[in-house]
Structures are given as structure tokens and as C-alpha cells.
Amino acid sequence: MSESKVASMAEAIAASVHDGDTVAIEGFTHLISFAAGHEIIRQRKRDLTLARLTPDLIYDQMVGAGVARKLVFSWLGNPGVGGLHAVRRVTEGASASLELEEYSHFGMVGRYTAGAMNLPFFPLRSYFETDLPIANPLIRPIRSPYGDELVYAVPPLKPDVVIIHAQRADEGGNTQIWGLLGCQKEAAFAAKRVIVVVEELVGEEVIRADPNRTVIPGLIVEAVVVEPFGAHPSYAQGHYDRDNRFYLEWDAISRDARALERWLEEWVYGVTGRAGYRAKLGEERLASLRPGSAPSGSVDYGDYR
Amino acid sequence: MSESKVASMAEAIAASVHDGDTVAIEGFTHLISFAAGHEIIRQRKRDLTLARLTPDLIYDQMVGAGVARKLVFSWLGNPGVGGLHAVRRVTEGASASLELEEYSHFGMVGRYTAGAMNLPFFPLRSYFETDLPIANPLIRPIRSPYGDELVYAVPPLKPDVVIIHAQRADEGGNTQIWGLLGCQKEAAFAAKRVIVVVEELVGEEVIRADPNRTVIPGLIVEAVVVEPFGAHPSYAQGHYDRDNRFYLEWDAISRDARALERWLEEWVYGVTGRAGYRAKLGEERLASLRPGSAPSGSVDYGDYR
Amino acid sequence: MNALERVAATDFSASEMMIVAAARELAGRRVCFVGVGLPNIAVNLAKLTVATDLELVYEAGVFGARPARLPLSIGDPTIVTRATAVTSMFELFGFYLQGGLIDVGFLGAAQIDRFGNINSTVIGDYAHPTTRLPGSGGACEIAINAREVFVIMRQSRRSFVEHIDFRTSPGNPAGANGARIRQEQGWLGAGPSVVITDLGVYHFGGEGVMRLDSLHPGVTLEDVQGEMAWQPAVAERLVETAPPTAEELRLVRDVLDPDGIYTR
Amino acid sequence: MNALERVAATDFSASEMMIVAAARELAGRRVCFVGVGLPNIAVNLAKLTVATDLELVYEAGVFGARPARLPLSIGDPTIVTRATAVTSMFELFGFYLQGGLIDVGFLGAAQIDRFGNINSTVIGDYAHPTTRLPGSGGACEIAINAREVFVIMRQSRRSFVEHIDFRTSPGNPAGANGARIRQEQGWLGAGPSVVITDLGVYHFGGEGVMRLDSLHPGVTLEDVQGEMAWQPAVAERLVETAPPTAEELRLVRDVLDPDGIYTR
């Protein structure tokens, strides 16, 4: 772990995300890097293909801000609240302008897995007797070489950039996550470039004390960005809760293109990075999201000399 | 977690392992259930198909004791020492009598994974330009439905019984492992019946304090057997070291069919279960294998109310 | 008085009746794939009443959840803390669901037909829809790989339709053609087996067609026929759903949804 | 005096020369798939000398190992404690190796031919062999998926053969046919690129044939020809391998293998 990969968010996004790239900000409900999404908006990236199982508020904001050309996804919504209205505005009706490439959850997981494993396809028992292979001709049947059974295949997904939020990493990018793991590991290994955003930068010895907890090795990481509350309004297990108030507020904001524009002005373009966003949210709001304590306990790896 | 699945090794093996079954005692170098293997020998099971990436000393002992009809494997040897002589005696020359079904490591891992996932095959980039698909016609080429690329497929492996040694489990069979994970999880999910053997039985609250550490859910576990040092002479991370002296000694024992028979008499048939084996090894020998301490540290899951 | 007004005249809500009816259908089931909202409450009610050994699996990657509060979403941190196991989605969908460990999966739907085919993708044309819905998520693999599927949804002429606009999840694969398809494709599951609505409960007959088996208290056959686009098959002995017991209502109101988020 | 006796007359062993030569070949490489024994010492020597940024990956599932003692096997607990990451074999073989992250894999061999095809399966007929060897383990996927492969083995007429008895791992896929095969099968790797023996060092030419490039101190071309079953291609400028430096020997003897398990 020789050199440090620590960078500012502005540096990391400028260096790794280019117009036209396929970008995946992953994390299933948990650990969604809103901080990175906002920086991409601020840097006015264009023509991005945004991949993600669940285009959440963050992609609704990015689509609303005009960075995206296309979505690759499996479930489109504001979880527990309703629809994504900025996305709906450009996908419904005669003037639908956002390209969609649609799978199921396991199909997306399989695509990242095939990408990570350098496989030309991933097989799964899904899609039988549905219209999904018609809507998306990249979902293709394949016969087993044993007994002629039919399954479906999805193609590998290898994003140019994958951005992962995590509880902690060391300077070399060795990253540990607990709580929901989603498909962050598969997505990161499938990526050409990985940016890790963390709540906390820790010493290498903290990572090395519990190597089974490491989800992403520094080997595949381009940059480590330290951004406490960087997943707000989503959550970071053990650090803060989902800020549900914002998920509810977004429903109203996103229904109105001009309200959305004002929100971006105020909370994205108008703040100085994530520090500005945190300051604007205020200490009290952030403190109200802190959970009580539920320690994992420690196990012993043994010292073998 | 209503009823307890705790059983004695004799009960668990009698209930789950039947003559003619396919049995996998998994664990890569780490956590190999010698205790279960010895009980299978003691109960004089016959015609077993033994599956395992690395038929180690335990399968050499089981083959020497006459329980096996066939091996399914990827690497045959006494790791760091040399060959498995009991296996060699029945696989070399004109009178070779043990059936072999041979893959590579990743092929075996892929077979368990396909078994666990109920897939009719698992694709991998292996076997190109080798004689393995000739030696084993179950290794078959398959064309990608994207761009016509060729990869190889292996068929699912669904053992009747998979036996896993672990550091700890609760009464319901929820099992936690740290250190090398091998392919125990994939093998266990592929199995019809799973026996978990543990160093330590812990309360449900210990497991629930660190749910990301759980490798095997009680849902798929038939029986939990408590057997400290049950992986000896292999090792259990944090509990004891590999007893390399025995790996070296076995080389000489297994070269001579009669010495092997005497060893089985003394250490398997002649002891009363694993407790007898531990007593015979002696406190001093066991104590010499204990490592120093290297704690993982604790993380906080947060209490969300 | 229309159906919903008549139901409103009882001392429980239509949502409460749906939840209670769904919970009762879980009797004897062991492992359930949980969605948030009505299914979450139904499953937890079953665990407290008819299926005390029920194990809950959340698609976010949680087995054996023990939530300390009502989860706000399917990935709420409260389902993680003190769970039995937390795992990747690869493993959850691959080993648990596709591996055949799930007895019952719950699905909602925007549209359903008499065969249990479900649309949760678009209303209108796929390329230029009038309404863009969430899409499959895990629904299509749940429908195929769970041993059986319970559908829970409100009933209307717009949702119980003759032809769905998009087939997101396959229906009940019974009948001769279904048997062939299932064998050729190695399906584990029986597809949708129960549909629970605010008006009644349906099961599927041998030919894979939805059959009305019970009407919730205060609902007539005419009410049901008025809220669907086809003439339903009706059980020979159409019964009235037993109303929620006092204990069921207490559990729903005091324990599972004290703020009435899902049940009012 | 034969070759090995002449080598013995130097102040370092043939094993030490092999290790040092192998370590030097790792200059500029970043990620190495480590086998235990000679490769382990070679890789660790490289990390202390010519490739200080080298990352070690063990097939047992360990990345960034920091062993506190010489590991007894490829799965020794000392490679786990204080490693950077420990993972399943599915992930290790799938994401790290097949995913293309490994620059160099090390293989041993019972037999090798001039194209670098390797046998570690059987001597004799497959069904009734005279010697049953370990088999592939990970060798066949390492040969295909590592960006390049270093072979380290002792040389003799029994091991450097005209025709190997079983092809466990494919050789160097250079030349026209190789290019076609590689594209059709999407190979990432260049196959075996270096063979280091107790007598010398070989690389592979454009046609994928092993070429003797250097002779260890005290070894002659005749010695080498005496220990292989074919007439080797020889570099235009055949050189003598630089003998181990005092520092290289100190590291091997005092730091990496103080008990002389692998190097005497």
C-alpha cells in the first residue's frame, strides 16, 4: 500500500468521469453516493449512460439536471414513496427522449457478475414467458449443453466508472462495508475505474485486523474520497439513518420541472462541495439521523508466527 | 430459531449419510472436518462418491478405509508434502479401481455454484487447448449468444451431504466462519443435507450481533455438531494451527497399506468418538497448536428504532 | 352504497381485511420473500398467528430479519441490525430464490389477467407509454422461482384486465402447455397461486385460471364483477371471508403498524 | 563433473539460483498469483528487490498477504492474519484471475514441451497411469487467464519432453493458429512467457517456441541439451545468468527461508 489514492471529490470526478461514459453509482437503498452524483451534475457532464439496479432519487436528480442520455436498470422508483418524476417526464408519451435498457434485479446482478468475471454472458432462470426479452433483445435464450434445458442469458456490463460509498477505507483504497452489500463488489470488479467514497479514512492496520470484512481491494480503486454523510439522504449502516423526510419532499419537488431546477440551484450548484451541503443541512438535522449503538463484537484471527 | 439442531457426530452421520451417497467434506486447507470423516469410517459407510476440490489426508484415510467408490476433485495431494498414497494405490496401473471425475479448481467451484443456484451449467474461461475435456466429457464447450465466443461449461454438483467445519454456530445452525472461505458456502447451498461441525456453540445473539459474518444460514442446516479440534490436523483460524507433524507422518503411514490399517485401528476404530481422539492426542500437543491473539476489532451496526 | 362504502361500514378497513386474509394464506409455509408495505405486515402477522416458524427473506440481502421498527423501505437499516445473515444480492437471488429455498414470494401488480400474468412495467405502448411503472425489479424471477406466489393488490376494472399491456411476470403455468414449458425450462415454482384483493380471495384451478373463492364481509359477487374486465370463474361454494378477529386487529393496529401507515 | 556438480561448486545452490532468476523476471510486474514453495520465495524476494510494489494473491482466497512466518502450505493461517482481503475461491478465481487482474501466475510442471504445454496430471495412460500426479488444481485457469505465466521447474530428460503425456495447461499461444484460438476464445493471457530451471532461463519467441536465453553460472549448452528431449532454440546472444548478489543471497537465506526448507 505505497501511495495514497486520497483525492477530493472534484478531482476524482474530473479525472475519472468523461462525457459519454457509462457510470454506475451502486448501492441497494444503502450507501448511495449522492455526493458523487451531485459533483457530476456540478461538473456538467453530458451524455452519460447511467446504470444502476434502482435508479433512485440520485438518478432522478441527474436526469433532471440533463447529464444522462440513457438508463440501464431493473426498478425505477422512489422506494416506499412512488415514482421518479423527472425520469417519467422524459420516458412517457410521444416525446420520450431518454433511452431505456431494462432488465430484472437478478439480470442486472448477473450482468455485473459477468463483467467482473470476464464472461461473455451470465445464465439465469428468469424471463421465461415474459415480454422482457422482446422489450430488450439483449436478453437471449441459451440451451444447456446438458439435457437441452433452456435458460436465459444476459450480457456482461462493464461500466467505465463505478462509484461506491462505504463506511471505511484506507489510503490505498482497501474498502470495508457492513450491512446491505447489494452488488457493489460485482459492479466494482466489472468497472474500468472505481471511485470509493467513505465516511471514514482509517489506517491500513484497521483494515488488516479484519480481512474478511474487505469488500473492495485497493488494487481496483482509482481514488478514495472522504465525505462524511456523503450518502445522505440514503443511509450508512451504523453511521446514520435514511432521511425519509427528504424522500417524501422529493416527490413534490420532482413533479415540477421548475421546482427541481430551483432545488438543484440551491442544493447542488449553489453549495461549495459536500461540505457546503452538510453545512446547509445543519448539525441538528444530521445529528437526528444518528442511530444508537449495536456493536458487532470481535473475533480472533490468531497470531501465527 | 425455534428448535435446536444440535446432535452428536454419531447421530448426525447415521441420519444423513447413506451408502452410495455423494458426500463432500469441504474446506480449502482450512476447517477440514476430519472428525466427520473418521465417523464415516467408523460407521463403515460404503460406495460413497467423495467430492472435494483437494482430496487431502482425510480422503486418503477414507479411501484407505474402503468407504469410497469414486472421487470428484481438482487437485490430489498432501499439500506441501507430496502424494496421497492410499489414493495412488487404487488409481495407478492396470488394476486402478477407484473411479475419478476430474476438473480444475474453478471448475469445481463453478459446479458447486451451479448446484447452489439451480443452474443447468456454469460457464468459465478454462480448459481451452487442454486434454481435460477429453478425459472428462462432462466438461463441454458452449457458445455465447453474444458474438459467438466459445467458453466451457461444467455441470451442477448437488451432493447428497455436505459437511462443513466452522468456528461457531448457534443451535439453529446459523454458522459463522472467518479466515479462508474456500467454497464452503457454495457447496452447502448446493447440498441436499448439510452438517455443520463447530469449535464453539454460541447464543443466537452472538450471531445476530454480526450478521455479515454469517456464511451458512440455519435454514439449510440439518445438524449442528460441537467438536472442538474437530478439524485437526488441519486448522481453524484463531483456534489452532495446522499440525504439520501429522501431515509429514502421514506420508510414511499411507505408503504402507498395513501401516495405514494399523493407524485406522488405533486412531479411528479404536477411539471413542472425537473425545477419545482428543484425549489420545493429549493436552500438550493440542496446546502447542494454539496461536497468539489477533483480534478483528468491532464495527457498529447501529440500533435503529 | 358501493362495495367500498359497505366495507367501510364494518369496523375494519379494506386494507386490514387484505392483510389478515393474506396472513392466513401463509399457514404452513416456512420461508417467505418479503416485500415492504402490505406484504411486510401480512407476513409479520402470519408469524405471530398461523405460521410462527416463518423465516423472512428480504431481496435486499437479509435473512432472519428482526426489525425493531416498521421498515420504511425494503432496505431499511433496521432489518439489518440483529438479522441472522446479511448477504450479497447475487447470493440472495442466486442461492435463496433461484436455488429453490423460497416457499412464498409476494408480488404487487398494476395489471393482472385471469391467468395471473402480471404487468408492473408500463401502461400503454412500451416505447411511448402513457405511464412508466417501476418495472420488474425482482418480480419476474420471484414469479418463476418461488415455490408459489401470492399477489396482493386492489381490484378495479383498470387493474383486473382482459389483456395486460406488458407481461413483466409470468402467470400460473398450469394446464398441458404449462407443464411442457415448465419442464423444458426447469421451473421450480407453481407461479401465482393466490390473489388477495380488497374485495375477495382467488385461487387458481387446474387450468391455471383465477377462481373467486371468497368474498370479504360486505362484498357481493356483483361488486366483484363490477371491478374486473372478465367474467370470473367462481367457486362452487363461494364463502365469505371470516372477518378479522379482535386479536388479528390488535396485532395489526397496536404492534405491526401503530402509525397506520399501511392500514388506514 | 556433471552440471549439477559444477553448480554445487559455486557458493550458492541451484535452488537459490532458480529463485533469484525467477525474482528478477518479476521486475515491472504488479500483481502475482503465488504458489507455495519456490514461487513464494521468488515472489517475496522480488518484492524486496526489483518489484517493491508487487501485490501477492494466493489462490486460497487471500489478497495482500503479510505472512509472519514462511507459509507451510498455500492455505496457511499466517497468510490470512493481517492480510488486506480474504475472499471466497469463487471470487478469487472469478474476479481476480478470470477477471484479468493477475499479471503473472507461477506454475510448476512434471512435464513440459517446447511450446510450454504442461502436464501435471498423469505419467502414462490417463485411465491406467504409471504415476498419478495432483492434476490441474488452478493450473489450467492460471495458464489461460493470467496475463503471463512463469514456469519454474527442475530440468531433466524426463521433464523436458518431446510429447507430454497429458495436456493439463495450454502452452504459449503464439503464431497464426494461436492468434485465431485466442480471439475465438477470448483469452486474456499470453500463456507461458518464461521458464526458469536449475540450469538456465528460457523465453518464448514469436512462434511460441521456448528459447534458451541464459545459462546459470557453471552450466554449459551441452549440459542443457543433455537434460532435455529436443534440440532447443538458442538465443543469438546466449548469456550467463548473473550470479546471485550478496544481498539477494542474504535475503533468501536470512529473511525468506532461514530454515533452508526450500533452498538447500
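Couple of notes before you dig in:
Labels for the chains are A, B, C and D, by order of writing; each one numbers its residues from 1.
Everything below uses one rule, namely that contacts are C-beta pairs under 8 Å (C-beta built on N, C-alpha and C of every residue); 3 or more make two chains touch, one makes a residue touch a chain.
This is a predicted model, so every value here is computed, not measured.
The chains in contact with chain B as well as with chain D are A. Across A-C and A-D, it is A-C that has more C-beta pairs touching. At the far end from chain A, in terms of centres built from Cα atoms, lies D. Between the CA-based centres of chain A and chain C the separation comes to 29 Å, rounded to the whole angstrom. A straight line joining the Cα centres of chain B and chain C is 40 Å long. For this pair, chain C with chain D, the centres built from the Cα atoms lie 58 Å apart.
The residues of chain D that reach two or more other chains are 62, 76-77, 80-82, 86-87, 94, 98, 145, 186, 188, listed in rising order. The residues of chain B that reach two or more other chains are 113, 118-120, 124-125, 149, 151, 178-179, 181, 185, 209, 212, 237, 241, 291, 294, 301-305, listed in rising order.
Pairs of chains that satisfy the touch definition comprise A-B, A-C, A-D, B-C, B-D.
Residues of chain B touching chain C in their complex: 1-2, 113, 116-120, 172, 174, 185, 189, 204, 207-209, 211-212, 214, 217-220, 301-305. Those residues of chain D lying in contact with chain A across their complex are 31, 52-53, 55, 62-64, 66, 68-69, 76-78, 80-87, 91, 94-95, 98-101, 145, 186, 188. Within the complex formed with chain A, the residues of chain B that make contact are 118-125, 138, 140-142, 144-147, 149, 151, 153, 155, 167, 176, 178-179, 181, 206, 209-210, 212-213, 237-239, 241, 291-305. Across the interface of their complex, chain B is touched by residues 36-37, 59-62, 72-77, 80-82, 86-90, 93-94, 97-98, 121, 126-141, 144-145, 166-171, 173, 181, 184-188 of chain D.
Of all residues in chain B, those touching chain D in their complex are 28-30, 53-54, 73-77, 79-80, 83, 87-88, 91-94, 96, 102-106, 109, 113, 124-132, 135, 149-151, 178-183, 185-186, 235, 237, 241-242, 244, 291, 294.
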